[in-house]
């Protein structure tokens, strides 16, 4: 959906710190999508493919795995939001 | 099954802390399902596909891998429930 | 084989601590199987599929990968059984 | 695109340190591409294949997973850009 | 090749400590094979399948990934054999 | 290409320490190849297969993932080459 501005100076990742675990999970989702957007920068192509893989269980599980990997990083960065 | 309310302000992940390892494992399962629900927010579609991949060993193993990845995060967050 | 009692109060994971690395590996195997059992709680279906994937090298390698991921967690929890 | 000079003395990875998380993510992308370039050093072949896998959702997700793995390393190296 | 004696009291993993990184890598290979042997305990079946997947590049790469995951554990256990 | 001498006493991994991140990445590549060589020790077979998977984007991405996993280990061993 969003415009991929890899080459530009646009800031999309100012920090790995989040207020809550839930925001951290949302950031992991963003990082996972960004990893796809860098290889396929055309948002139209991504959108067209989305309807395809969103109905493929194995693709959904694979996306969930990428999110899990990024969530490890974000959670460690935030010291697991321990109080 | 549950209603995916990504965009809303609903809190589903208040903390990574759990009382026991077993509750931590259950949280890892929740995180793994959430990663799928974000890409396919339609619970009906997910339910329809579930009967499909739940009989596919490779899909089941892949789900187990995602859970394992999240369990690493939850276990570290809880300092492995060491006493 | 075992009865999956996810919803019940049955305790199957009281601790990540084990006496030896070998017991830790066995726990990693249990965690890996639990991740499958949660998505496919019907032990009969799992048993039927087992004969299928147990002869598929790629499935066996994938199972070994999940065990490896859980073993990382269990080993860290036990401080690698250093003396 | 770039010329792969594995055997030569050319320096392409002087450090894992970056100023910002976003530059760290860009470095993770570079590392991920380098891992491909080492096995297939012919930039023409890579370019030809790119149009193929850039339209394959599962390939895009797999690339995103490799980036996530490298981002873990780069983020840890930079102590998560904590202030 | 070796006899899988999961149920018995035979010790095959007394420690994660090794003298050298190279022995640690060999242990990672053993752990990776053990993960396969637990799901397919019949050594004859494993041997028959081996000639199959040993000529399949994707299977070989997947085995290498499992070894890499275990090597992370073994290397951390040995504090990376730092002097 | 190189002769696989697993059974022999030949030393191929004396240390995980490297002078630079780039040498560390090269070591990660070596470790990744070694993981393949152990399962398929016949260099001729590996060479024959190489031309096959080197043109398969998904295989190249999978190789890159294994390298990324080993690079995590090597980078941690070297304390990320922090100065």
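Residue numbering begins at 1 within each chain, and the chains themselves are lettered A, B, C, D, E and F in the order written.
By definition in this document, contacts are C-beta pairs under 8 Å (C-beta built on N, C-alpha and C of every residue); 3 or more make two chains touch, one makes a residue touch a chain.
Keep in mind it's a predicted model, so treat the numbers as computed, not measured.
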| item | value |
| --- | --- |
| Lowest number of touching-chain links that must be crossed from chain B to chain F | 3 |
| Partner chains shared by chain A and chain E (touch criterion as defined above) | none |
| Rotation in the CA alignment of chain D with chain F, degrees, nearest 5 | 60 |
| Classification of the chain C:chain E interface as same or different, half of numbers criterion | different |
| Per Cα centroids, the chain farthest from chain B | F |
| Centre-of-Cα separation between chain D and chain C, whole angstrom | 33 |
| Gap in Å, rounded to a whole number, between the CA centres of chain F and chain E | 16 |
| Shared interface positions of chain F, touching two or more other chains | 53, 58, 62-63, 65, 69, 72, 76 |
| Overall pattern in which the protein chains touch one another (line/ring/star/complete/other) | ring |
| Sequence of chains encountered when the ring is traversed from chain C in the direction of chain E | C, E, F, D, A, B |
| Chain A contact footprint on chain D (complex, rising order) | 20-22, 25-26, 29, 53-55, 57-58, 60-65, 67-69, 71-72, 75-76, 80-82 |
| Touching residues (chain side chain E, partner chain C) in the complex | 11-17, 31-36, 38-40, 45, 49-50, 52-53, 56, 58-59, 62-63, 65-66, 69-70, 72-73, 76-77 |
